[in-house]
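Here come two complexes built around subunit A, the first alongside subunit B, the second alongside subunit C.
Up next is the complex of A and B:
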C-alpha cells in the first residue's frame, strides 16, 4: 500500500488536534466525521451519475438498528454497527433494484420519496420507536465489550478518526480503480459505457450498496454518540447537508466529501454569531458557493495550482501494436449471423426480414440510402434494440438477440458510435483505459485491497491503452481532455475506444463521416490493419470510395429490405441498387 | 356511509386542485428547463404570506390581494431565473437543483425573520358556516378554492395551447436546440416558464393558505406532495400533473379517513413505489421518460 506523505501528514495533524483544541471543536470534528461517512458514500454513487436525496433514510436506519439492538438486547454497539451497515446495504440493494433503471431527476425524486416514507414509519411506529418523542438512553459506543466503553469526547474522536480514515481509503481505492472508471463511464456516456462492456445497472447498484452501508455505519455511530434517536434523523435537511458537503467539497473527487464535511459542519457553527440571521446567511453563502464554484472546493483549489499529469505507460516495445485482446478473436468462422430480423416501430417497418452473415477477417459494408435501416441494424446487433422477430447470433452461434449491450460486448462485438463516441470529460488516455473494462478480472474486494494481481492487471490495462493510442496516432494528445480534441481526433479516439475491449467483431457507424480526405485515408488504413489481426469488421458508411476500396462484400438495404448482396464490383452493376440510389429513371436509361 | 365517502372525496378534490397547480408548475419547469425546483414549496409559502400581508395586514380587498400576490410570486420567479438559473445553464442537473435548495433555505429563513414562525390564519371574507349540498357539508372558502383552482388549471392549459408564448414553450419542451434554430427566443421562454411555474405555486399557496394555516415551513410538505404528483403523472407531463394532483388529494383524504391519519402523507410515495414496480413510465406512460 502506497501511503503518500500528504496522507500521513494529514493523519498526524488530525491525531494531535484533540490535545490542542477544546472539547467544543473536538465535538465539531466528530460531527464532521459522522457526516463524512454518508457523504462519501453518496459521492461514490454520484460518481456514477446518480444523485440520491434519500440518503438520510439509510443514516437513520443505521442509527435505529444498532441503537435498538443495544437498548433491547444489550448488543455491543460495535457489532450493532456491523448489523446496521448490513441492513442499510440490504435496503439500499432492494431500493436500487427497483429504482436504478431510472435516471437523473426521476431517481432523485424517488429517493426523496423513499426517505419520506421511512420517516413516517419511524414517526408512526410508536411501539418500536416511541414516535416523535424519540428514544433516549441509547448506550454509548464500546469496542465490543462493556469494559471498553467510550467515555470522553477524545475517545470518540479517535474511533471516528479510524472510521473516517478507513472510509476515505475505501472510497479512494474504489474511485481510482477499474470500478471507479466504470462509474465515470456511466456518468459521462452511458450508451458508450454499455457498448464497451460496462453494465450501468450493476455498476450503480454496487455503488448504491456501498453508499448505503457507509450511511448505515455513520448513522449507527451518531446514535451512540448522541445517545438519542428520533425521527428527526430522517429529516430532509440532513440529506441536504450531505449533498452540500459532497457538491460543495467536490463531487466525484476523493477528497471533496472530507473537505466538504469539515467546512460545512464548522460554517453554520461559526455563523452562530449572526444569531437570528444565521440560517439566512448560510443559505446565501451556499448559493454563492454553487454559483461561483459549481465544481466544489477541490476543483477550485486545483485550478489554483495546475497539476502535472502523470506520465503515460510505455506501450509494449516492438512488434505489431496489440489490437486484439489476449490474441483471441473468438467466434469461429462466422462471428456474426443476422437471421430474418424484422423491426417494427408501431406501424413503421424499419427492417424487414433481413438476413446476412459476417465471416472471420471479413470487411462487410452495409450501405443504402438514408432511412434504409442501417443504424437500426446496428442497434439490433449490439443489443440497444430488440427486434420484433428474428435472431442475432454471435460466434459459436450464441444467441445475442435478447442480451443487453454490455453482454453483447462480452461476446466480442463492439461498436463505434457515429455521434458521442467518447467520454467527453476524460483525457484521451483515460478514455481508452476506461474502455478496457471488460478485460479486467479483479473483483470488488480485490480492488478494495489492491492485491498484487490487481496491480498487475492495472499495469497491463494501462499499457494496452497506451499501445492503442499509439496505434491510432494519438499518443501526443494522451492527456488532452476528449472534448478538446479536434473532430477527426475524436473519431480516432472513438476507434481506439471500440478496440479497447478486444473485439472479435468491430461495428463501425460511419467512421469517416466529416473527415477530410487525408483522415479518411488514415481510417481506411487502420481498418485494414485491424482486419489483418483477425478482427471482422461490419461497416456502415456513405463514402463510396471508402466502401468500394476496402470492403470484401457489401449488403445493400433499401426501405428496410435487403435488395442486394455481393462483391463491390457486382454491387456497382446491380440494377436494383442503382435504382435505389439514383431513382427508377436513371436505371432504366442505363438498362 | 356513502355521504361520508362523497364528503371525503370532495374535500380531497379541493386539496388535490392545489396539488395539481403545484404539480403543473413543477412539471413545466422540469420539462422545459430540466431544473428540479426545490424552491417550489417556498414560492407556495410566499404566495400565502403575501396574501396574509396584503389582505390581513394592509387591508386590501381579498380578491385583489390574491391576484397581486400571485403576480408578485411570478415576478420573483422571473428574477430568480435571470439572476440564479441563467448563469448555471448547461451545468449538470444537480447544480441548479442545489442552487434551488439554497434558495429555499434563504426564502424560508427570510420568511421566519419577516413574519415569525408561528402559524397564522387568513381571515378570508367567506362565511364559516358550512353550505349543505345534498349529503355533503362544505364551507364557502373550500368551494372558492376548488373553483379557482379549476379555473387556473384551465387558464394554464389555454395559455400553453393557444398563445404564441405557450407554443414557444411547447416547442422548447420538445427540442430546445431546434426551437432556437427556428427563431424561438429560448432565454425568454425559460424566464417565462420559471415565472409561470412559480406563479402557479404561489396561486396554490394563496388558495390552500386561505383554507389552512400559513407558516414559513409550510412549503416543505407542499413541495414533497408536488414531487409525488409529478412522478405519478410523469415528469414534464401537463395532464399527468393534473390527474396526479387530484388523485393524490382524494387518496390522502380517503386514506386519512379509512386507513391511518399518521400515514396520510406517505400515501403519495407508496403509490409511486407501486407505480415503479408495475408502470415504470408513470400513470400514462406516454413518453419514454426514463432517461
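Up next is the complex of A and C:
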C-alpha cells in the first residue's frame, strides 16, 4: 500500500493536534470523526444517486448493538463494534433489497419512514432500552480487553483517527475504482449504465451495505464515547447533520464528507459567542454556502486551483484499434433473432408481429418513418421493454426476452441511444472508461485492497478507453465534459461508449444524426471497420446515403409492421417503401 | 436586421467562439455551416441570449442585445428553435403552443395566432389535445417550429431542423421553412444537411473552430471547392 505525500502530511498534522489543542477541541475533533463515518457512507450511496434521509437509524442501531452487548453480556466494545457494523449492514441489505428498485423521492421517503419506525421501537421497547429515559453507564471503549480501556480524550482521539483514516482510505478506493465509476454511471444516466452492463440495483445495494456498516461503526463508537444511549440517536436532525456535512463538503467527492464533518462540527460551536442568534447565523451561513458553493467545499477549492487535466493513457501502439474486447465476438452465425415480436401500449400497437434476424458480420439497417417502431425494437432487443408476445434470441439461441439490460449486455449485445447517450458530467475519456465496466473482473475486496491484478486491469481499461476515443476521432476532446460537446460529437462519444463493453452485436440508433456529409462518411468507414472485426451491426438511421452505402440488408418498418426486407437496391425500388418513407425526392440522393 | 461583430464566447476558461461576425438582412434566409464543434449551436444560443459573449457586439434592429436575458430578446423579436426538438413532453400540443406565446400575454391575439398556426400545421390540429411527448419525431419538430412562431418573431433562429427526421419528413420540414420564409419571415438556420440548406438559402456562412471563415451567396458556397470537400462530402 503506498500513501501519497499529502495523505501522510495530513495524518502527521492530525497526530500532533491533541498535544497542541486543549481537550475541548480534541472533543470536537472526535465528534467530527464520529459523524464523518456515517457521512462518508451516505456519500458512497449518494455517489450512486440515492439519498438516504434515514441514515441515523443505522448509526443508532450500531450504538445500541454494541452498547447493549457490553452492558448485558460484558462483550468488549471492540468486538461489539464488529457486531454492530455487521448488524447495521444486514439491516441495510434487507432494506435495500426491498427499496433500491425505487428511485429519487420514493427512496428518500422510505428511508425517512424506516428511521422513524426504528425510533418508535427504541422508545417503546422499554424492557430493552428503558425507553425515553435512555441507558446510562455504557462501558467505555476498549481495545479487546478491560486492561486496554480508553481513559482520556487523547486516547479516544487516536482510536478515532485510526477509524477515520481507514474509512477515508476505504471510500477513496471504492469511489476511484471501477465500482465508483459504476456508481457515477448509475447516478448520471441509469439507462446508459445498464446498457453497458452495470446493474443499477446491485451496484447501489453494495453501496447501501457499505454505507450502513460505516454508520454502524460510527454509532458504536459514539455510544462508548458518550457512555449513554437514548432514542434521541434516531432523531431526524442527526440525519440532517450528516446531509449538511456531505453536501456542504462536496457530494460524491472523496474528501467532501471529511472536510464537511470538521467544518460543520466546529462552525456551530464557534458561533456560541453569538449566543441567542447562534442558530440564525448558522442558518444564514449554510444558505450562503449552498448559494455560492452549490457543489460543496471541495469543488470550490478545486476551482481556486488551476486544474491540470491528467494525461490520457497511451492507446496501445500499432495496428487497428481493438474494438472487440477479448477477441471473441460471441454469438455463432446468427447472433440475433427477433421472432414474432408484438408490443402493445394500452390500445396502441407499437410493433406488430415483427420477425427478422441478423447474421454474423452483417450490417442490417432498420428504417422507417419517425414513429414506425424502430426505437421500440431496440428497447425490446436490449431488455428495456418486454414484448407483449414473441421473443428475442441471442447467439447460441439464448433467450434474451426476459433478461434485464445489463444481462443483455453481458450476452454481447450493446446499444447506442438516440438521446442522452453519454454520462453528461464526466469527461469524454471517463465516459468511455466507465463504459468498459463489463470487462473488469476484480471483485469488491480486490478493489478495496487495490491488488496488483486490479491495477493491471485498471491500466488495461484506461488504455482501451484511449484507443476507442482515438478510433472515434475524439482524442482532442478527451478532457472536455461530455455535456459541452456538440451534438454530433456526443453521437460519436455514444458510439465509443457502446463499443467499450466489446459487443458482438452493436445496435446503433442514428449514429450520424447531427453530422455533416463529410463527417457522415467517416462514420460509415468506422462502422465498416467495426464489422471487419467480426461485429454484427443493427443500424437505425435516416441518412439514406449511409444506409444504402453500407447495409447488407434492410428491414423497413411502417406503423409497427415490417413492410419490406431486402438488399438496398431492392428496397430503393419498392413502391411501398417509396410511398411510406423514401419520398420522391430521394431519387437524386441515391448516388 | 441582425449583426454579430467579432463575438467571443467561453465555457469556463475555454473560448469556443473566437470571433464570429455575421449579418442577416430583413427577409433573408441565411444558413450557418460548419463541422461538429465549430460553434454553430453556441452562436445560435448567444444570439438568443442563452449564453453571454465575453467580447464583441450583437445588435438586432439597431439595438444592442448581447448580455440581455433570453426572455427580453424573445420579446424583442428573436425566436430560437433549439436543436433536438425541445418541446414540453408532458403538456398537450395546444399547451405547448400557448407556451410559445407566453411572452405576449394577451389572450385575444394568442387565440387568433393559435388558429393561424394550426391552419398551417394541420397535423398539429389533429393532435391538439395529445401530449407533446407522444408525437412522432417529425411532428415534434413541427411543434417546435410552430411554438417558436407563436411568439410572433421577426427573426427565426432554427438549430438543425432536420435532425433525426426521416427523408420525407426532412422534405416536408424544409418546404415548410421555405413557405414561412416566403411570407416574409427572416430566418437564420444552422444545418448539417449542407446541400439542402444551401439550396434554399440566400446566403451562408462557414464556421471553423469558433470563427466565421467564409461567407457568400448560397450559389457561390455550393460551388466553392473547400465547402464541397469539407461539408458536402465530395
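The working rule: the second predicted complex is superposed on the first by the 580 of 591 C-alpha atoms of A that agree within 3 Å, B and C clash if a C-alpha of one lies under 4 Å from a C-alpha of the other, contacts with A are read in each partner's own complex, and residues count from 1 in each chain.
One rule holds in what follows: a contact is a pair of C-beta atoms (placed from the backbone, for glycine too) under 8 Å apart; a residue touches a chain by one contact, two chains touch by 3 or more.
Quantities reported herein were computed from a predicted structural model and do not represent experimental measurements.
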In the overlaid three-chain picture, which partner chain does A:146 touch, first (subunit B) or second (subunit C), both, or neither? neither
After the superposition on A, what does A:514 contact: first (subunit B), second (subunit C), both or neither? second
Identify the partner contact of A:398: answer first if only subunit B is touched, second if only subunit C is, both if each is, neither if none is. neither
Between subunit B (first) and subunit C (second), which does A:277 come into contact with in this model arrangement: first, second, both, or neither? first
Of the partners subunit B and subunit C, which touch A:16 in the superposed model: first, second, both, neither? neither
Which partner does A:532 reach: the first (subunit B), the second (subunit C), both, or neither? neither
Answer with first, second, both or neither: which of subunit B and subunit C does A:369 touch in the superposed model? second
Go through the superposed model and pick first if A:542 touches only subunit B, second if only subunit C, both, or neither. second
Give me the intersection of subunit A's contacts with subunit B and its contacts with subunit C, in residue numbers. none
Subunit C partner contacts - residues on subunit A that touch it in the complex: 367-371, 418-419, 477, 480, 484-489, 492, 510, 513-521, 542, 544-545, 581-583, 585-586, 589
Using the touch definition from the top, list the residues of subunit B that touch subunit A in their complex. 30, 34, 36, 84, 87-88, 91, 93-95, 97-99, 101-106, 109-110, 112-113, 220, 224, 227-228, 230-231, 235, 260, 262-263, 265-266, 268-270, 272-273, 276-277, 280, 289-291
For subunit A, which residues count as touching subunit B in their complex? 46, 51, 98-99, 101-106, 108-110, 112-114, 116-117, 120-121, 123-124, 236, 240, 243-244, 247, 251, 276-277, 279-280, 282-284, 286-287, 290-291, 294
Would you pull the subunit C residues touching subunit A in the complex into a rising list? 11, 14, 33-38, 40-41, 83-84, 135-139, 160, 163-171, 192-195, 229-234
